[in-house]
Structure formats: C-alpha cells, structure tokens
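You will see chain A twice below: alongside chain B first, and alongside chain C after that.
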Partner chain A sequence: MSLVQVLFYIMGFIAVASAIFVAATKSLVRSIFMFFITLFALAGLYVLALADFVAITQVVIYVGGILVLILFAFMLSGKETLNYISQQRKQFMNISKLPALLLAGLFLVVLLNMIFKVDAGNLAWIKRSIENKNVITPNAAMTENIGVNLMTSYLLPFEAISILLLVALVGAAHLSRKEPQS
Partner chain B sequence: MISLTDFLVVSAVLFCIGLYMIVSKHNAIQILIGIELMLNAAILNLAAFGKYDKLNNGGQMFALFAIVLAAATTAVALAIILNVYKKYKTIDPGKIDSLKD
Partner chain C sequence: MNFYLTYFFIAIGLFGFSALFALFGVYAERKVSAFIQDRLGPTETGKYGSLQTFADILKMLQKELITPAAADKLLFMLAPAIIFIAVYLGFAALPWGPGLVPSKLNLGLYYIFAIISIETLGILMAGWGSNNKYSILGAMRSAAQIISYEIPAGFALISVVMIAQTLNLQDIAMQQGILSPEKITFAGFWDVSSIGGIFAWNVFRAPHLLIAFVIYFIASLAESNRAPFDIPEAESELVAGFHTEYTGLRFALVFLAEYSMMFMVSMVGVILFLGAWNTPLPNIGQVQLATWTTGAGWGILWIIIKTLTLVGIQMWIRWTLPRLRVDKLMALCWKILTPLAFACMLVSGIWRLWLM
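So, the complex of A and B:
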C-alpha cells in the first residue's frame, strides 16, 4: 500500500466521519464548524485526484466564501433563531427520522451496487485515454492548461456563468435589502 | 494508484448523507448544508474522472463551474432564508405554509 493510498483513506475517512457528525449533531453552530472539516478533507481528496486547481478553488470559494456567508446569515438572523434551534427535541433516535434514514440507506445500497457493477476503471473511454497517454500524471502542471482551455474551448460557458453569477448576486442583494418605510 | 471506484464510493456515501440531511432536518440552513454536501459529492466525481482528460480538462473545468454555481445558489438561498425568517419568525420549512396574502 503506497503513501498516496494511505493518505486517500485518511482523507476519505475524515470527510465521511465529519459529514456524519454534521448530519447527526443537534447543535447548528457545531455542525457548521464541522462542515469546515468536511470541505477541507474534500479539498485534500481533490488534490489526490490530481485536480490541484479545483482544490484551491474549493478552499477559497467554499471555505472562504460560502461557509462565512452561512455563518454571517446565521449570526445576523437574531437571538430567536438560536433559541429556537437550542430547544429542539432531545431524544437521540427519533422515530420521525426513520423514513429519511431508510431512504438514504437504500439509495446508498443502490448507488454502491451500481458502482461495483460498472467497474469504472475498465470503461472503454478510460482505457482509450490511458492508451493515448491522455492521463494527468502527478508531475504535470495543469493550471496553465486550465487557463488556456477556459479562454478557448470553454469560453461560452465561462461567459454564461459570469452573467449568471452577476444576476444571482444582484438578486441576493435585492432580496436582502431593507423594506422602505411606508 | 487510487482507483476510480474508491472515489466513487466516497462520493456515494457523501451524497447519501446529504440526502438524509435534506429529508430529515427541520432547519433551512441545515438543509442548505445538505445540498452543499450533495454538490460536493458530484464535484468529487467530476474531479476524479477529469484525471483521464488531460487535453481538454473537461472534468476539472465543470467542477470549477459547479463550485461557482454553488456560490451563487447559496447567496440567493441565504437571502431568501433571511426574508422568510423576517416574515414568519421561523426557518422550519414544515411550518412555512402560507403565501404572501
């Protein structure tokens, strides 16, 4: 077992365990802070998938942007939310959680069954890509290639997503403005 | 090296945890976190398969697009949650049961 594999299992375990903690804990603030750990572990997994630029973007946008946004929205929404959240039901295993647990578990069984049946390492296009040496190697610097591709073959999606981001941010600012006093 | 199946298993588990959060939680912010978990599971798949596309970088590119889209979604969703909280004084989606008028 190589070092990369050991690192992968550690990262995967941290990601899954902290995600389970996020789902299981009663305290909302604790679950948000634990979600940090999940996102960092996922960034580590992206690095092990040789997608280092995606990992950096994950850390910058998710951890630096989205989570801080969630925290701000949570802290700004007032004391009542905090009280409301702290007075949730106490018992560990609620019977109303059972259908959700069943749904998620059965879906997991279906997904795992499909994953082991499809045997992704032996797909036709992946074999072809290995034959053509079209595989990213650990010593390749892919960021330059990503930049060139972003400005050539993916220019239309890039522009579309920039317009969409602008629209979404203007919409968010419009939604959260103060109502004019009338 | 790490096989593709390992990545797929990790992302399937994360996806199901997100699904469980979305179905079972009584709090809009936690549901949002569940959605983010599912998105991250999908992005992990994109990054893992993107390893086999060195020339075009299809997987990594769309992983980047998905991250940006997630940021836009979260901003709008949090603004909506704040508005809903102002109007109903709760963010439990089960208790929000009336339209504007």
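So, the complex of A and C:
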C-alpha cells in the first residue's frame, strides 16, 4: 500500500468514527467539538482527491464559521435547556425517529447500489479525459480554474446564491433593528 | 526517506523557534512596558533581568496541573493544545527567504487564513471546558471579535492578492524585489524591476495598499486578542478571561500560542505588504546594494528584522492605548474598517486593470 492509500484509510476511519461519536454521544457540546474532527478528516480526504481549494474552504466556512456560530448559540442558551435536551428519551427505535431512519436507510441503499454497480476505473468519460490529458496534476494551480468557471459556466447559480445571501443579510438586519419610538 | 527526515527537522525547528520567540517576546514585552510606564521591569535575574522568563518557565513547568472539579475534563485538557497547534500549523506556509519555505503551497495565504480561524474554536473550548462564567464570557467575546475582524482582514488580504494575482506566499514575496519574474512599477509609473529595494514593496507598488496594510494591522491586533482589543481577557472585568482556570504547563501553552500568533500575523503582514524577505536597499547605479543583500541568509535576516519591528509596534500599541468598549469595537470594525477594506479591494481591481 502506498502512503496515499494509508493516509486515505486513516482519515476515512477518523471521519467515520468521529461521525458515529457525534451522533451517539450524550454530551451535546462534546459532539460539536467532535464534529470539528469529522470536518477536518473530510478536509484531509479532499486534499487527497487533489481538491485542496475545497479542503481549505471547508475549514474556513465550516470550522471557522458555522461551528463557531453553533457553539455561540449554545453558550448563549442556559444550562437548564441543554440538560433538558440531553435527557430526552434514550430508545434507539421509536415512532418519532421513523422518518429519519427511513431516509437514512434509503440513502444507504442508493449508496451501496452506486458502489457495486459503477466500475469507477472504466467509466467512458474518465478514460476519455485521461487520453486527452484533461486531468489535474498535484502541482496544478486550481484557483484560476475555479475562478474562470464560476464567472463563465456557473455564473447563474453563483449569482442566485449571492442574492440568497443578500436576502438573508437584509432579513437579519431587519430583525435586529431597533423599533422606532412612537 | 531522507525526504521525510527533513520534514521532521523543519517541524521541530519551527517549534523551537516559536518557543524561543515566546521567551524573548515575554521579556521584551516586560521591558517595553516598563520603559513606556517609566519603570525598570525585571532587573534581578541575570544581566538586566534577561533570565527572568527562563526562571518563569521553569516555575511554570513545576506547577501542579489543577483541573476544576466541575470542568469538562477532556475539553479542558485539549483546549490549550488546540489553541497552540492551530497557530503552529500556520508557520508551515510562511516563506523565510528565496527558496526557503517549509511547504510550497499554491494556496498558502488562504491556508493561513483558515488556520487562524481554528484558534477561535480552541478558545471557545477552553471557555466552555473551564465551566466558569468569566471564562465563558471571555471566550464568547473573543469569538465575536475574531469573527468580526476576519472580514476587514480578509478584504485587505484580497486587495493584495488582486495585485499579486497569486495566493502562493513565496510568489507574492518574489514579486516585491529584484528577483521578480514580472515588471514592477513604483506607484504605477516608474519601472523599478532592476532597482528593487524599498520601492518594489507592495505598499509602494500600489499606494492604496498602505491603507489596506493599516486595516490588516488593526484587524490582526484584534485576531491575536492584544490590547486595545483585549476584552476577551480584560483583567479588570473578567479576572483573566478564557484562561482563568489554567495553571502550569497549560497556561504556558496558551501564552506560547499568543506570542506565536503575534509573530505569525506580523510575518504575514510583512510578506504581503512590506516586501517579505526582500532588502529595503535599492540598486543605485553602480552601487548594487539590492543585488548584494539578496540571498537566503539575507532573506532570513530581513524578514526577522521587519517582523520584529511590527511585533515591537504591537507591544507599543498595547501599552499606550486603553481598551475599547465592546460596542465601540464593533462600530470600528463594521462601520470604518469594513467599508474601507471594500474600497481598497475596488481600487485594487482598477489598478490591476489600468495601471499594471
């Protein structure tokens, strides 16, 4: 096994194990901090897939942004609320969890189907790209590529997302505004 | 296999450097603060008190590691390590001289920006793990401050990247001296590709970057929780903020992280704005000062001198200015620095299109 493969399995194991811990642990705060490790392991997997820009973006947005905001919400809420949440019913199977279980099961079926049916090494478009040398090498600079694609092929989704974010910002500003004194 | 051994040596070397710098930094901080406040500072241990920080660290190593009974033990133990490692990882991408860079990352700058944000998580972990209201207040203030100030800092960095057209820190450094692969102009009109020196630095290549540099410097003070932005550990209100409960080695680690952070943000500022490892001396006709003072050894010397100057200014500011109130702090960030940083980014775009 090459070093890359060893690293892949190590990081895959960390990602899966920490994700299971996140879902199973009783302490909510610990599960958030464990989620940080899951995200980091995922970032490592992205690096192995030569998507280093995605890996770093993952760290910036999820670890530096979303995770910190979740923790913030946590610390602003009182200890009693948190204790109440962690003392909910412990049963693994109950009727209120049925939709979640159904969804997870269906996803598992789809994923397994994918893994067994697709022969990733022999797909036509992959072979064509290798023949045309249309592949990414470990030394390639990806940023320019991403920038050009965002501004040409994917301009419409990009702008749609920016409008969505603008709407969210305006909404947040409106909610936190002081009421005029009448 | 030698290949990997070099990696280990460099990693250990960088750790040793950050530890040594913290020792020196604490001593310098005390002497600078003493000078500013008209005191003497440490005088007893060693000549001029120079061994004082060694004595302090020896004391710290011997101290008992106290874990509060109500603390979340795991988080409490891990937090100082995460705070330090987050900062230490950033050193991997910083270039020290021509050809001297621990890791040649295409995305060096973006990587450092990402790494800095991990420190917040460590601080929140410390605050929550301590189970102490002062710690948690300090941690929350710190997180709010770092998240807010990342925005002006980020846009100041983007305005440099737009001029440099690369995120690779070594390439950005290369562009600011006589080794530059492309034409450099002083303020957009005077070709200084072969003159180099101080005229080729980014702040003079495009003068609006001077404003971007000041924005970045202010934001970097806030990101390393230094006065006047030290509300996370405001002694008069919060005992010691997020590290109230820490003792001994763990406390030392938090301090090591703070001083490494000071060095790292200053070094990033130097690399992006103040010519990185390039010499400040220009070539004047036959007197080839820039050519003589460019090289690996000189590079390390210049970058350390420049970085230590910035660290010195950080200390000077800390002991001169009073602490900002929370609302003033946020007003400064959102109402002054962020619009200015946006303006800098806009000017950068125009500059790159029409003047370069």
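Structure notes:
In the analysis below, the second predicted complex is superposed on the first by the 142 of 182 C-alpha atoms of A that agree within 3 Å, B and C clash if a C-alpha of one lies under 4 Å from a C-alpha of the other, contacts with A are read in each partner's own complex, and residues count from 1 in each chain.
The rule we apply is simple: a contact is a pair of C-beta atoms (placed from the backbone, for glycine too) under 8 Å apart; a residue touches a chain by one contact, two chains touch by 3 or more.
Keep in mind it's a predicted model, so treat the numbers as computed, not measured.
In this superposed model built on chain A, chain B and chain C occupy separate space and fit side by side. In the superposition on chain A, contact is made by A:F36 with chain C only, not with chain B.
Applying the stated contact rule after C-alpha superposition, one finds that A:L155 touches neither chain B nor chain C. Shared-chain residue A:V59: touches chain C; no touch with chain B.
Of the two partner chains, neither chain B nor chain C is touched by A:V170. Look at A:A141: by the touch rule set out above, it reaches chain C but stays clear of chain B.
With both structures placed on the common chain, the touch criterion links A:V68 to chain C but leaves chain B unconnected. In the superposition on chain A, contact is made by A:L28 with chain B only, not with chain C.
Ranking chain B and chain C by residues of chain A touched puts B first.
Legend: residue contacts after superposition of the two complexes on their common chain; A:G12 is shown touching chain B, with no touch to chain C.
For the overlaid pair of complexes, the smallest distance between C-alpha atoms of chain B and those of chain C rounds to 14 Å.
Counting contacts by the rule stated earlier, residues 53, 65, 74, 76, 142 of chain A appear in both its interface with chain B and its interface with chain C. Of all the residues in chain A, the ones that touch chain B in their complex are 2, 4-5, 8, 12, 15-16, 19-20, 22-23, 28, 31-32, 35, 38-39, 42, 45-46, 48-51, 53-54, 57-58, 61-62, 65-66, 69-70, 73-74, 76-78, 80-81, 84-85, 88, 96-97, 99-101, 103-105, 107-108, 111-112, 115-116, 119-121, 125-126, 129-130, 134-136, 140, 142, 145-146, 149-150, 153-154, 157, 161, 164-165, 168-169, 171-173, 175-176. Those residues of chain A that touch chain C in the complex are listed here as 27, 29-30, 33, 36, 52-53, 56, 59-60, 63-65, 67-68, 71-72, 74-76, 139, 141-143. Note for the complex: chain B touches chain A at residues 1-10, 12-21, 23-24, 26-27, 29-30, 32-34, 36-37, 40, 43-44, 47-57, 59-61, 63-65, 67-76, 78-83, 85, 89-91.
Across the complex, chain C meets chain A through its residues 72, 74-75, 105-107, 110-111, 113-115, 117-118, 120-121, 124-125, 127-128, 136, 139-140, 143-144, 147, 150, 166-168.
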